[in-house]
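Each of the two complexes below includes chain A, the first together with chain B, the second together with chain C.
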Partner chain A sequence: MDDRSTDSDPVTAGESSILDTLGEDVIRIVSPVSLCMLLVVLLVSSLSSTNDLSSSISSLFLSSTTPTSFSSLNLLLLGSDSTWEEIKSALITALSFVVVVTLLTFLLVLLFYFRCTSFLRIYMGISSLFVLSFLGGFISLLLISHFKIPIDPLTFAILLFNLSVVGVFAVFMSKFPISMNQGYLVAIGVLTAYWFTMLPEWTTWALLIAMSLYDLAAVLLPVGPLRLLVELAMSRNEEIPALVYEARPVDPQLGDRVRVWRETTDVSIEATENSTNSANVQTVQETRLAVSEEITAPLIEAFPQTGDRHLGTEEEEDGIGLGSSGAIKLGLGDFIFYSVLVGRAAMYDYMTVYACYLAIMAGLGVTLLLLAVYRKALPALPVSIMLGVVFYLLTRVLLEVFVVQCSSNLLMF
Partner chain B sequence: MIMIFIFISYYTNFLISLFASSLHRRRRQRKGERSQIGDTMTVAAGVGYVLIALGPALSLFASVIAKKPFLILTLLSSTLFWLISLIILAGAWRAFLPVKSTELWSYSLLILTSVGFQEGIRIGFWRLFKKMEDMLNAFADRVSKPRLFLTDKMLLALAGGLGHGLAHAVFFCLSLLTPAFGPATFYVDKCSNIPFFLISAIIALGFVIIHTFSMVIAFNGYIEGKRKDQIFVPFAHLIAALITLINLVPGGCNIGLPLLCIMAGTTLYYSWQLVWRRLTEHQTTRSSD
Partner chain C sequence: MEGRDDQPTADVESGAARLRPSAVRSRGAVTWPSVDGPLGVSWEEAETSARRFFFWGFAFLPLLWAVNCFYFWPVLVSKASPSSSPHFNRIRSYVVWSSIGFLIFGVLLTAWALTFAIGGEHLFGPMWKDLVMYNLADKLQLTGWM
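Then we have the complex of A and B:
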C-alpha cells in the first residue's frame, strides 16, 4: 500500500485537500476521552482478579468508603439480597446522589452569585488535591500490591506528595504548559472513574441513568442550576471556576508553551469555519478584555460557557460549550461518567467494552453536531450514556451469544 | 518506513508468541512451580495474538489514517455501522441459537444470510458515503478549497473498509482473547493441533484484509459503474465465509486457513491492480489537461 500514499503526492502537490484539516477539533476531544477510557479499562481489568490478596484488602477498604457503605446500609435496612431488593437500593442510592448533587449545584450558583469566586477556587483546589493524593494513593497501593512493585514507603510518600501538588497547580495556574494541564485532568478523571466503578453493579447503572437525566434537566430547563450558572457567567463576562478539559492545541507560534491570554483590548478577530456533519461550527467574533489582577478568559460573544455540576466532594464542570478560542470544552464530569460506563462494561466482558466505546463516541459526535447547530451549552451526558446503556444491553443479550456460537465453531464472515 | 518497522516488529512478536506458547507447553509439563516468567510470557502470547490479527490494520492506521483526522472519524463511524449490522444479525438469529453442531445446513444458512445482509448493507453504506461526499464538496466550495480528489475518495473508502475489518477482528477475535493473557491456552476439538486463539487470529487477519480492500474495490466499482468490480466484492466475501465452513469438519482448519489466506491475497491483488490502473489513468488525464 505504499503505492497509494506515494501516488497521492504528485496528484495533490501544491494543493491541500480539505480532508487534511477537517475534523481536527473533534479528534482533539476524542483522543483524551479515549485515553481516559482506556486507562480505566486497564485498571479495572488488571485489578479485578478475585483470588488476590490485594482484592481482599481493597474489599476491606471499600466497606468503609461512602457509596458502597450507603448502599450496603440500604441493603441492611431492607434485609435481603435478592435482585429486586438490589434494584430498589440502587434506585434509592442513585436518587439520593442526584438530590445531593442538585443541592450542591444550587449552593454553587448561590456562591457564584455572591461573587465568592476565590472561595470556590480554593475549594476546588482542595478537592483536586484530595482526589490526586488520597484516591491516587489508594489506587497506587492497589497496583503496587497487585504487581508486587518494590517501593519503600518514604519514596512513595514523596512521589505522591510531589505529583499531587504539581497536579493541583497544573490544573489551576494558567502559566502551566497546557499539555500538563490536560494530562492531570485526564488523571483526575481516571482516578475518580475507577473509584466509581467500585460501586455495586445495579447502583452504577442507576447512577449513570439518573445523572444523565439530571444533566439533561439541569442544562436545558430554565430553572436548572447549570443553566442559571451559565447565564450568570455570561451576563458578567466571567469564567466559571471549574474543572474543564479544554481541547486547545499547543500553539507553537507563541514561543513558550503557555496558555496565553492576549491582553490587548478591542482586538476583534473573525474566524470563519464552516460546518460539516462532524466539525464544530462557528462564525466567531472575539473581543478580548483585560482585567487588572486576574487574567480573565475572553468570551465568545453570545456563546455561553459551559455549565457546572458538583460531583460528591468535588466540583467539575459539565456539558459541552465553546471555549474562548473556539476550542471545544468538555467538563471533567463527562470524562468520568463515560469512563465509569466503560469500566463497568469491562467488568463483564471485552465485547461490551468495545460496543460501549463505539456508542459513547457516536453519542459524543451527535452532541458535537448538535452543538454546531444550536450553539449553546449542551449536556454531554444524556445521548452518550443512553446509547452506551442500550448498546451494552444489546451486546450482552444478543451479540455475545451469536458471536461466541460462531467463533467457537470457527465460522466467521 | 514506518510500515516496514511495524511489520518487522509485528512478525518478531508473532515469532515470540509462537515460541512462548510452545515453551509454555513444555514448562507446564515440568513439576508445577508457578514462576513470574511464565506469567509475563503469556502476556506476550496474548499481545502476539492481538498483533497477528491487527498488525496490518495498525500499520495502515499509523501510516495512512492517523495523518488525517477526518479519516479517523470515518473509521470510527464505519466500525459503529458494521457493529450495528452485526447486532441486527444477532438479533435476527437469536431465537434459533444455539445451533446443534451436527446440522451443517443450518450453519450454511447462517453464513449465507449474514453475508447477504452485510453485502446489502454495503449499498446503504455507499449511499451514506455519497451523501457525505456531497456535503464535503459543498463545504469545500464554501471554503474555496478544491473538491475531493480521487485519492481522497479512495482514502475514505480505505478508512471505511478498515472500519469494517476492525469491527470483525474486534468482535470475533479480540473479545475472546482474554483467556490468552493468562497462563493457559485452549484447543478446539475440530482443530487440535493449533491453539484456538491462533486460528481465530489468523482468520481475523484474513478477514481484515478482505474487508478493507473489498470496500476500496466496491467503492471504485460504484463510482465507475463497472459490474465486474461490483460483483467481485460480494462474491469474494461469500467465498471467504464459505471457506470457514470447512472448519466444521475435523481437521478442516488445516485446509481452511491457507485457503482463506489465499482469498485474502486475491482480494489484495485485485484491489492493487484496480487502484494502480485508476491512478495511472487519472494521472494521464491530469497531465494531458
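Then we have the complex of A and C:
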C-alpha cells in the first residue's frame, strides 16, 4: 500500500487516467437502466398475478413458476392454428409499427432540416405531458385499485397534476436539477415500457426484433433517417430536440455544459496545418485534441441520434453517444425496449428475468466497447435485444427444465 | 473556478472521492448557487430561475416550490458573507418564501389525506365508499380505456 501511494503521487498529482473514471462512467449509465428494468418488473409482477405487495416481492427471490407459465404452455399445446394466427398478426403489427416509425423519423428529419425546432419541442412537451399524466394516472389507478390504497380524488388529482407538470419542466428546461431530470426520464421510460408490455406476447417479441433490426438499419445505413439526422445536427452545431438520458459527467470541469464540437472548431482553426484534406480525419483529430485537453471522458466522441418511437406520440433518441459535457448519452427508446424485454420475461417467470437482465447488460457492455473502437454513433438496441431474446428462449426451453428437476429432487438451488 | 481547488487535496487513488467539488466552501460562503454545482446555473440565471419557480408555484404547483428549495439548497443553508454574489440575498428570499409556502401546503394536504384515509367510514359515513379512489375509478371506468 505504501509503495502504491509513493508511486502514484508524482504520476497522478494533477491528472487522472481514463481508468480512474471508466468504471464510474459505466456505472452511471448502467444504474438508471437497471433501475428502469427493476421498476418495470415490479409493476408487471405486482399488477398481474398476486394480490399483495409482500408476496410479490418475496416471489422475486424465490423464483417459482407462476400460473401464467401454465397458461402459455396450454396455449402452445392446444392449437397450433391459434398460435399460427397469433404469429401472423404479430408480424403484421410489428411490420406496420416499424413502417410508421420510419415515416415519422423521416418527417422528423424533414422538420429538423427546415429548422422547425420550436414546433418539435412543443410537440415533445405535449407528448411527455401525455405520457406522464394519462399513462401515469392510468398506471397509478391500476396500482391503487390493486392494493386498495384509500386515497381521495382531490389528493390524487393534486399529486398527479403536480408530478406531471413538474415532470414536463424537468425534462425540457435546462435549468433544472439534474437528478430530477434523470429521475423523470427514467419514470417516462418505466411508464411507456409498462404500456408496451400490455401488448400480446407474440406481438411484443416480434416488435422487439423488428425495432432492433430497424435501429441497426437506420443508424448504420447511409440512407437511414437517424444517420441523416445526426449528420444534420453535426453540420449545424445544434442539438436535436429529443428525450435523451445524459449521465452526469464524473469529473465536472469549469463552468457551463459546453458543447464538445463547438470547442473542437476553435481548436481546429489553430491546428489545421497538420491535418489532411479529408473531413473525416479532421473531425477525428479535432475531437481527439478536445478529448485529451479538455475532458477526461473515457470512451467516445460520438453524436446524439434520434429515433421516433411509441407510435409517434413522442420522440426519443435511440443509440449511444457522448454528451456535450463528456458524459455518456443513451436514448430513452433504448431504456424502453430493454425494459419491455425484461417486463415480458417477468410475465413468464423470474428465472427468465435474471437471464435477460444479464444478457442486456452484456449487450450494453459490448455496445460501449464498440463505441470506443468505432467512435461514431451506434445503435444500442440490436446487440442487447438479440442477446436478450436468445437467452429468453434458451432459459425457457432448456434452463427451466433443468432447474425445476434439480430443485424438485433437492439437488441444487 | 474556485471549486477546482478542492480537487488535488482529495484522495487521488479512489476516484469516488473526487466526485463533485463541494458547492459550499469551508468558510460558509457558496461558490455555486445550485445543488448541481459547476454543472448548474450561474448566479444571474439562478436569480431568474428562483423567481420563475416562485411565481409559477402559485398556479397550484407547490411541487415547484419544493424544487426551488432543493435546487438552491446551498443558498438556503449558508449565510450571506461579504464575498458572496450580489444575487445571493434575492435568491435567498425567494427560496425561503418558497419553503414556507411548500411547508404550509404540505401540512394541509397531508392532514387532509390522513383524515380521509384513517377516518374512513366512521368519520364520513357511507359517502366515503363513493369517494375513495378505487371505487370511483371503477364507477367512472377510468382504467378501461387504454
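Throughout what follows, the second predicted complex is superposed on the first by the 295 of 413 C-alpha atoms of A that agree within 3 Å, B and C clash if a C-alpha of one lies under 4 Å from a C-alpha of the other, contacts with A are read in each partner's own complex, and residues count from 1 in each chain.
Quick note on the criterion: a contact is a pair of C-beta atoms (placed from the backbone, for glycine too) under 8 Å apart; a residue touches a chain by one contact, two chains touch by 3 or more.
Owing to the predicted nature of the structure, the values given are computational and were not obtained by experimental measurement.
When both complexes are overlaid on chain A, the residue A:F161 reaches chain C alone and has no touch with chain B. Judged by the touch definition given at the top, the superposed model places A:W195 against chain C, while chain B stays out of reach. Contacts of A:Y354 after superposition: chain B is touched, whereas chain C is not reached.
In the superposition on chain A, A:N409 makes contact with chain B only, not with chain C.
With both structures placed on the common chain, the touch criterion links A:L129 to neither chain B nor chain C.
Looking at the shared chain after the overlay, A:L111 reaches neither chain B nor chain C.
Once chain A of one complex is fitted onto chain A of the other, the partner contacts of A:T395 are limited to chain B, with no touch recorded for chain C.
Contact with both chain B and chain C is seen for A:E24 once the two complexes are overlaid on the shared chain.
The contact surfaces that chain B and chain C form on chain A in the two complexes overlap at residues 4-5, 8, 12, 16, 20-21, 23-24. Remark: chain A residues 4-5, 8-9, 12-14, 16, 20-21, 23-24, 134-135, 137-138, 141-142, 144-145, 148-156, 158, 161-163, 165-166, 169-170, 175-178, 180, 195, 198, 248-257, 325 touch chain C in the complex.
By the touch criterion given at the top, residues 1, 4, 8, 12-13, 15-16, 18-21, 34-42, 45, 49, 60-64, 67, 70-71, 109, 112-113, 116-117, 120, 131-134, 136-138, 142-143, 146 of chain C touch chain A in their complex.
Every residue of chain B that touches chain A in the complex is listed here, in rising order: 3, 60, 63-64, 68-73, 76-77, 79-80, 83, 86-87, 89-91, 93-94, 97-99, 101, 107, 110-111, 114-115, 118, 132, 135-136, 139-140, 142-143, 145-146, 148-152, 154-156, 158, 168, 170-178, 188, 190-191, 196, 199-200, 203-204, 207, 237, 240-241, 244-245, 247-248, 253, 256, 272, 275-276, 279, 282-283, 286. Chain contact summary for the complex, chain A toward chain B: residues 1-5, 7-8, 10-12, 15-24, 26-27, 30, 274-278, 349-351, 354-355, 358-359, 361-362, 365, 391, 394-395, 397-399, 401-413.
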